[in-house]
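In the part that follows, the structures are each spelled out as structure tokens.
Presented sequentially are two complexes of chain A, the first with chain B as partner and the second with chain C.
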Partner chain A sequence: MSTPLLDVRHLRVEFGSPKAPLIAVNDLSLQVNAGETLAIVGESGCGKSVTALALTRLLHGSQARISGSVKYRGEEISTLDERQMRGIRGRHIGMIFQDPMSALNPVMSVGDQLIEAIQAHDKLSRVQARARAQELLEKVRIPEPQKRLDDYPHRFSGGMRQRVVIALALAGRPSLLIADEPTTALDVTIQAQILGLLATLQKEMGMGLILITHDLGVVAETADRVMVMYAGRKVEEQPVHGLFAAPRHPYTQGLIAARPALQINPTARRVRLREIPGMVPMLSQLPEGCAFAARCERASDACHQQPDAVRIDTLTSVACHHPWQAIDHPLLQPQRAHA
Partner chain B sequence: MSALLEVRNLSVRYATARGELNAVSAVDLDLAVGQTLGLVGESGCGKSSLGKALVRLVNPSEGEIRVNGTDLATLSGKRLKASRHDVQMVFQDPSSALDPRLSIFDSIDEPLRARGELSKPQRQQRVAELMRQVGLHEDLASRLPHQLSGGQRQRVVIARALAPRPAMIICDEPVSALDVSLQAQILNLLCDLQEQLGIAYLFISHDLSVVQYLADRIAVMYLGQIVEIGDRSPFWQRPAHPYSQALIAAVPVMDPTLSRAADKQVIGGDVPSPYTPPSGCRFHTRCPQVHDRCKEEQPRLQALQTGHHVACHLYDATTGAPA
Partner chain C sequence: MPALAKYMLRRLAQLLPVALIIVLCSYMLLRMAPGDMVDVMAGESGSATPEYMAQLREQFDLNAPGYVLFGRYLNNLAHLDLGYSFRNNMQVAELIAQRVPATLTLMLVAVVIAAVLGISLGAVSARYRGRWLDEVISTLSTIGFATPVFWVGLLLIVVFSINLRWLPSAGMQTIGGVDGFWPSLLDRLRYMALPALSLSFFYLSIYVRMTRSAMLEVYGLDYVRTARAKGISELCIAVRHVLRNALLPLVTITGLQLGSLMGGSIVVETVFSWPGLGRLAFDAVFQRDINLLLGIFLCSSFLVILMNLLVDLLYAMLDPRIEIRS
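== the complex of A and B ==
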């Protein structure tokens, strides 16, 4: 097997005092290959965003303690100093965050921001950089790119701003893009445009993509493989078709069943939604063993012990003492959703 | 079916630094006792302004809001205050809807105290009953909002809205700030309460899946106007307006075998500025089926069948309905 683009092993991120640490990410391993989309899905506080920040070492200002190995194209980057890391960010690993307004400088024209990013990566004259900035705006399908270069961010709509942010992330021609909730702040028609654009650009440029989201619909539309996180840990990992056809972890299954799916011909009577009882435990009060046990209908005494991730095949693993087997799976015949 | 709420020709205009903003333009709506009307649309379409106008949190510029026959649009002073018992509101963010210094008991008790009809022991009993109805443990009564989770806080807000025994609650994105596992809890709670108490909901949301799940009738708004309104089954079987169709098509589908973002047909463009809405049909700048006529003449809502209306020239009787 070839070397993955990104290979993360046993990543752990702690905050707070070493005596009583808050473990935001615990023993997390993941791989992303070129041209592949890995979705990381989970609810607020599950550690998905902290994971992204830890991979790119954007947590350095905080009191976070990060351990584990992060290899990019086979080379360890977790031990690089900040100056070397700046050579990785943007050039090799690009990033997109949720709120496009706070990712852009409001007092600098969009063109100047792009030129700044381009010149940070390549030795180009201002004229050359401006031409390249225009190409980037074209690439993200912003109409009349030449005119728009001199506009300030407030002149752009939310969707157009997120396109500018994507153009900025592409300025260094990264081979891996990390997008943290890139469409959460956008309306549904604009979300569909941006997801389509990301998928097209990824194909064109052969990039690896880590897409972080809370929305299972977005996962189903974009991911090749999916990793589900709960309370800082990976609870399940599967290729996308398997995850929706036969989720193994009771939490994954609960998430899918809790969300009403849009149907072509909805029934006249409402079927009660399956709730996940209780709520996500606080990181300061994590129970011994499986963090989901208190909310889980399959929990037993065994669940007081932390379950190991069980490999089901090369791409599928689940961390559960009582995972659903494909054979007894109630969701194997999923409801046909709206086409 | 008797009409609880009848809205006629309701408009909301704001005077802003950039000029007049038509947030809601000539909206007609009906809501029957114990029913749920889902109001969907993207940001800036006027759905929240409409909701706020119905409880007079913003003042309508023109039009009627009749609740059980009384026109709220023209009431003021004591009579307006009295009418508020009938229509309550639940907002998106439960943290900002609760006074951080009031205990849960005091928050739920406040509307009861304001009415002044019940004695203190009666109010205590009523608060305990309300907390039970929304699934809050009585031990939480003395807590402050910050000691509760987001889902619990939303239950408090719902209990407070129920306190004056309203006929109708306007829910403005009540689950949008919640995680998926909590959304299901709150949606189930809203359904249970409707069944037990016969409350009507105006459910405002950008989330079509949630609206499909809850609503008996659906209204789609675009730039301040209702472009389509229909009962549950005809609306979902045959969404007629090109904008409704585009909205539905854009919803991410939770089945990777059916839909992938890379090959999805998506409507282009952005919502135009509400300060300068397009002439004619306001959707014509993005409509895949636009005709010359759409740029000049504004379509009116017309019946496709009983209980299903659309404002689109494609369905004009003169030109014939398209296949």
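== the complex of A and C ==
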């Protein structure tokens, strides 16, 4: 197999004092290939965003301790110094953040912010950079890009601002895009537009995409592969169709079962939403062994020990002592030839 | 009419009631203070008889009841006449016009020193938060914050004028003046140095602390992370993204501090015998020169209000989200 675009091994992010560290991300490994979308799913606080920020070391000022290996196109980037890392950010790995309302500098025009991003990596004159900025706005489908260049962010709506944020992320022509809940702050119709835009741009530019979200609907629509995180660890990884058809980890099962179903018949008896009992444990009070055991109906004594990730096939792995087998999955008939 | 002109006009119209209230309050305060101009003159001469004092009061028209005098003063004001200072034997307007440039220069230089040094030190402090440089700057600014202006002035005089003999301690220029443009400018700068420094000291500390806290706040905001994700340098982030946004609250503070700066300049002008408005006011209080004092109050409040207007306009320039509407 060729070298993956991004290859992360045993990533660990700690906060707080070294004596009693809060482990936000623990022993996390992931790979993304060019042109592929990996979705990272989990509840808030499970370490998704910290993972995204840790990859490009943007956890500034929080005194996080990051260890593990991050290889970009086969080259180790976790050991680069700050100056070299700046050459990676924007140029090779672009980032899109959650809240477009606060992600843009309010006192700089959109054009200036784009030009700054362009000139950070390409030696272009201001005029050339401005022309490219206009192209970028066109690319993210902002109407009348030439006029909008000199506007300030407060003149853009939420969806338009997110388009600008995407344009910023594309300014350095990165080959990997990390989108941290890019649609959470937007309303549903805009969400669909932005996701569609991201998918189109990804195809156009052949980028790898890491899409961080807690919205399984978004995952189903856009992802190739899915990684489920719980309390800082990867609990399951599967291609997207497999994950929805046959989730292995009890937590993934719970997540999928907790999705509200569309009720076609309004007069029918309302079906109560399934939920996962209990709460996500706090980072400071992580139990020994499997962090999900306390909420898990399949838990046993074995669960007091941290389960290893078990590879089921090349693309599927699960970290559970009692994973669901495809065969005992309630929704599935015994093993179809191909899912 | 363009929105800007309309806005300015409305703001200037607000000056009138403000001025009236200021004049009324200061007039009442001054009338409540014991003694009048004649008492002061009698005390100075040392041999005034009661008859002579009565004659002086008659001459200066001080016998009428307070409200009549006040009404007369207002009437003069309405004719743009600030009255006559019998003590200085000059029109009040003329006296003030003589002194305003000295005070304005002093204030301006002090504000510029305070802003430039304060913002730079505050920015450095925020950038190196928690390191020794930050500790040193923060400690110094706390000391500066807690030190009275007059004491700083005296200390500067002791060190730089008396011990080191580097800089003059009083006045605005060498008596008789210096020939040539550059030598004379240098001469004035030398005289300006100590008063401007002592006046700026307190404000410098405020700027350091405000800049530091405002920048630290901005450093935590999302758009700074966006800027970092672009891969631009830390210096660009600090100047273009953080400092520019942190400046907004500083501009507000500057506007609010202008009044107190005027007050501070009175102290500094007294310590350094700076021939400005503050010294004039200080003397006028001791001489019970009500006309002059009222004139100074009016003039300085106008100055402060005008400068606040300027600050507001500057604010609209700095922050595109603020639009001037009339």
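The rule we apply is simple: the second predicted complex is superposed on the first by the 324 of 339 C-alpha atoms of A that agree within 3 Å, B and C clash if a C-alpha of one lies under 4 Å from a C-alpha of the other, contacts with A are read in each partner's own complex, and residues count from 1 in each chain.
Everything below uses one rule, namely that contacts are C-beta pairs under 8 Å (C-beta built on N, C-alpha and C of every residue); 3 or more make two chains touch, one makes a residue touch a chain.
Values in this document were obtained by computation on a predicted structure and should not be read as measured data.
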item: First (chain B), second (chain C), both or neither touched by A:D187; value: first
item: In the superposition, chain B vs chain C on chain A residues touched; value: B
item: Contacts of A:R89 with chain B and chain C, given as first, second, both or neither; value: second
item: Touched partner set for A:A171, first chain B, second chain C, both or neither; value: second
item: Touching partner for A:G217 - first (chain B), second (chain C), both, neither; value: first
item: Which of chain B and chain C A:H10 touches, first, second, both or neither; value: neither
item: First, second, both or neither for A:L58, with chain B first and chain C second; value: second
item: Chain B versus chain C as contact partner of A:H304, first or second or both or neither; value: neither
item: Those residues of chain A which chain B touches in one complex and chain C touches in the other; value: none
item: Chain B-facing residues of chain A, complex; value: 43-44, 157-160, 187-193, 195-196, 198-200, 203, 214-218, 220-223, 240-241, 244, 254-256, 258-266, 268, 270, 272-276, 279-280, 334, 336-339
item: Residues on chain C engaged by chain A in the complex (per definition of touch); value: 219-223, 225-234, 236, 240-241, 244-245, 248, 318-321
item: For the chain B and chain A complex, residues of the former touching the latter; value: 42-43, 149, 151, 179-185, 187-188, 191, 206, 208-210, 212-214, 232-233, 236-237, 246-262, 264, 266-268, 270-271
item: Complex contacts: residues of chain A adjacent to chain C; value: 56, 58, 60-61, 82, 86-91, 94-95, 97, 99, 102-109, 116-117, 120-121, 152, 154, 165, 168-169, 171-172
